[in-house]
Amino acid sequence: MTTVAARELADGEVVFVGIGLPNLACNLARRTHAPNLVLIYESGAVGATPSRLPVSIGDPALVTGSLMVCGMADVFQLFLQNGRIEVGFLGGAQVDRYGNINTTVIGDYAKPKVRLPGSGGAAEIALHAQRILIVSKLSPRAFPERVDFVTSSGQRVTRVITDKGVLERDAASGELVLAGLYPGVASTDVAVGWKLRARSQLARLEPPSKLELQLLRDVLDPQRLYLKS
Amino acid sequence: MTTVAARELADGEVVFVGIGLPNLACNLARRTHAPNLVLIYESGAVGATPSRLPVSIGDPALVTGSLMVCGMADVFQLFLQNGRIEVGFLGGAQVDRYGNINTTVIGDYAKPKVRLPGSGGAAEIALHAQRILIVSKLSPRAFPERVDFVTSSGQRVTRVITDKGVLERDAASGELVLAGLYPGVASTDVAVGWKLRARSQLARLEPPSKLELQLLRDVLDPQRLYLKS
Amino acid sequence: MRDGDVVVIEGFTHLICFAAGHEIIRQRRRDLTLCRLTPDLIYDQMIAAGCAKKLVFSWAGNPGVGSLHAFRRAVEGGTLEIEEYSHFGMVARFAAGAARLPFWTLRDYAGTDLPKANPRIKSVKCPYTGEELATVPALNPDVTIVHAQRADAQGNTQIWGLLGVQKEAAFASDRVIVVVEELVDERVIRSDPNRTLIPAAIVDAVVVEPWGAHPSYAQGYYDRDNDFYVGWEAISKDRAGLAHYLDEFVYGVGARAEYMEKQPRLIERLKAGEQMSAGVNYGF
Amino acid sequence: MRDGDVVVIEGFTHLICFAAGHEIIRQRRRDLTLCRLTPDLIYDQMIAAGCAKKLVFSWAGNPGVGSLHAFRRAVEGGTLEIEEYSHFGMVARFAAGAARLPFWTLRDYAGTDLPKANPRIKSVKCPYTGEELATVPALNPDVTIVHAQRADAQGNTQIWGLLGVQKEAAFASDRVIVVVEELVDERVIRSDPNRTLIPAAIVDAVVVEPWGAHPSYAQGYYDRDNDFYVGWEAISKDRAGLAHYLDEFVYGVGARAEYMEKQPRLIERLKAGEQMSAGVNYGF
């Protein structure tokens, strides 16, 4: 998933980075094909080159040696709402047929079965980044026909990178369709909460290269904070 | 005028300072009865202790050694509109019966006889400082019944310090009335563009003390940039 | 601080004033409305201790770890009132409060369920273009507590590293308490006035409390205690564990110094290394 | 820069990019809409040189001295279109432009004639309290030129001393040109990231032009040339004097270096003394 996400990023793009896999993916891209990627964190750090894998989005390692640190009013007004962010990464407990994401509640809002953390910046990232990449493990439960609560809108979602394959948003219907598979995964292994359509030509997602694996395991996440396998 | 203006300021007050006489008055007050006066300049310098008499409101000497420098959005939103300013100084080409000030045009706005600089921060200072002191030389031309253009409203004007005496805003009628005279000036010397009423008891404005004169001439304005006499 | 106050202890990951939160718990304040973008462990502890009537927030999790369990128990059990925004919505509420405007305008929430969940998210029509834009109401707390690296005795306060919404929260508040790692001479402040985020003119009290932000961090002073954040998952998962933590580390200590004495290895483990900024010339 | 562009050269007293203004005059750009809070001598020169079709401003004087005479002649003669706000109104226009909102809300103008003189000052009704508040429309220039103390080659730009509305103007603009006193290594910028006001991501070009802000000033580099500001009164009072000045110091020089060579005593007279800031630690 991390390498596939990294390959989605073009050199020089301005990326709004979340913690965890998106952060790993961005730093992998920077060290391979996209050395001029500009990473902006919700916390206000711009152009960070963290000397250790940041554990939170506000890690002090994102500040030391970054190009700019600004207050959060500037992050949301001058960068995000201003339209300066080209790519935003989002994840969520639920992703639905139209790319809407739920990170708020499972069940009814007033009487939640499970109370999740809520939006954070997700509501506005989804509206203002020029394109949204979702990174999420795939299962019918995590990909229902409709989310219990729309925390962020699916309108700008372009791709959903999962552990089975990649979904894309179909421009005509607006719904997510299967676009690519990892080696060894069949279309029938990809089960979601609605009847998933597939592109007529499915891309074969290349496995991580030796270099990518080495960077991830030895340089970027040697303590295996995010890489579990 | 400068010493009378200085005496209007109470210790510890937060003052929005203009350049020229108001700046001299504030620095005189700081060195006499009001050492804890907080001076805030429109340009963003807070708590300045200029090592030379500032020639402009954005003089570098206001920055060096000040307590805080902030952008102008913060000056107007966080200090002024927030209500943190207790005293504002204004001047103007025309001051009318109700304390309205004109610094925009003499004559018609579309076809001005004399084009003046305009509002600057005066429109909002007049609305947001808790009380406004006007410093201006007195003459019938400078104090017409109605100004040609209301650049800033007279609502919060409390006193007008002139070279003849001091006017106050009468709470009941809202108009400026004569409240005090310098030694040697008679009520009849104070002519404005409307029938000026006077308080029944006129204050006698004390002339500058020896200390005040010495501070002004030897310390604050040795080059006589603002003190002409 | 009084029972029933609207209270803000801000700081985005950085400079979260746990010392103040613990003192509020010890003083057994009740019925507080607690506001923060990220309630974090500090409000989880205050909720567990029974200080909170209501929570105003935008992201309630333990970053990179999991849930805030006291928060979850209270919400899922219906014992805590909540008012929920996105981060931008909360930032905008503080911005409006700081500017003493009744509302703030933002482009947000189209296609989401947030306005349904929170009727205080409204809209306004642009007088120029006619388009509808989202609004949030101003947030003006009774008390805001800002943790900072340094201040002078008057309260002129300097912060570097992540700035969060500390400035806006302070200017929005009726009363402001600054808690600092270090009290410095006024000359230090005056040597770099652009670094001052909060002026003495709006500060009601200055408290010196080194390590007062632990387990969050203070850039240039100490690192974030990530182990503590990870450990909170187990501590807070059941009421008893959390109560035990509060007994030992909050109620059981008189002040911050005792809290630090109980954990003698913290300083050695977390004390910051040195990476000094290049200076600038303020001469003319 | 194209004829007809909406152009901003900002800087409140501090860091006004005269070098850029002179270059625009030499390139004989026409029909520009010039926007600035304080037109200052730079726009007075550009108006005199025939570059401006319209001026958007809030205070048009020579600070502490008197009038901008080219501006006055043009307005009193009816040859220059104007659009006038107060300082707060202009600041708010840039804030809206920077946030890419169509308008900004402020409490202002009650009891004044400014909204009558400028119909673009409107009002909006608060969706919470029902009160009417003033609004101004966003200002989004085609080009903004920011003078700054230092930047790296990519355009990450640091400013200290008075900040004016430099940040807002840059973020509001379609194109951004940064002119600096000093080009520095990226490591200098990275040693103090809180000092960065404008990020490379929004900068289109970086120009290195020492003394490019003279006769205004650059904190830490050179003082304001108050004598020149005082002298402008006499230079600009009649058309001929002003034309003569432009011939000699603008048209008559190829670039900024020549301008400086013509005035060999400037450096000695105005070069800044040294008052270094105390450093801060960014370690963790």
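For clarity, chains are labelled A, B, C and D in written order, and residue numbers in each chain start from 1.
Operating definition for what follows: a residue touches a chain if its C-beta (ideal position, glycine included) is under 8 Å from a C-beta of that chain, and two chains touch if they have at least 3 such contacts.
Since the model is a prediction, treat every value here as computed from it, not as a measurement.
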item: Path length in steps (a step moves to a chain that is touched) from chain C to chain D; value: 1
item: Between B-D and B-C, the pair with more C-beta contacts; value: B-D
item: Euclidean distance of C-alpha centroids - chain B vs chain C, Å; value: 40
item: Inter-chain centre distance, chain A versus chain B - centres from mean C-alpha coordinates, in Å; value: 57
item: Cα-centroid distance, chain A relative to chain C, in whole angstrom; value: 27
item: Of all residues in chain A, the ones touching two or more other chains; value: 45, 60, 63-65, 69-70, 77, 81
item: Residues of chain C whose C-beta touches two or more other chains; value: 100-101, 106-107, 160-161, 163, 167, 191, 194, 217, 219, 223-224, 272, 275, 282-284
item: Set of all touching chain pairs, with the criterion as stated earlier; value: A-C, A-D, B-C, B-D, C-D
item: Complex contacts: residues of chain A adjacent to chain D; value: 14, 38, 45-47, 49, 60-61, 63-70, 74, 77-78, 81-84
item: Residues of chain D touching chain C in the complex; value: 100-103, 105-107, 120, 122-129, 131, 133, 135, 137, 149, 158, 160-161, 163, 188, 191-192, 194-195, 217, 219-224, 272-284
item: Touching residues on chain D, where the partner in the complex is chain A; value: 98-101, 156, 167, 171, 186, 189-191, 193-194, 196, 199-202, 282-284
item: Residues of chain C defined as touching chain A within the complex; value: 12-14, 37-38, 57-61, 63-64, 67, 71-72, 75-76, 78, 84-89, 91-92, 94-95, 106-114, 116-117, 160-168, 217, 219, 223-224, 226, 229, 272, 275
item: Chain C contact footprint on chain A (complex, rising order); value: 19-20, 42-45, 55-60, 63-65, 69-73, 76-77, 80-81, 100, 104, 109, 111-124, 127-128, 149-155
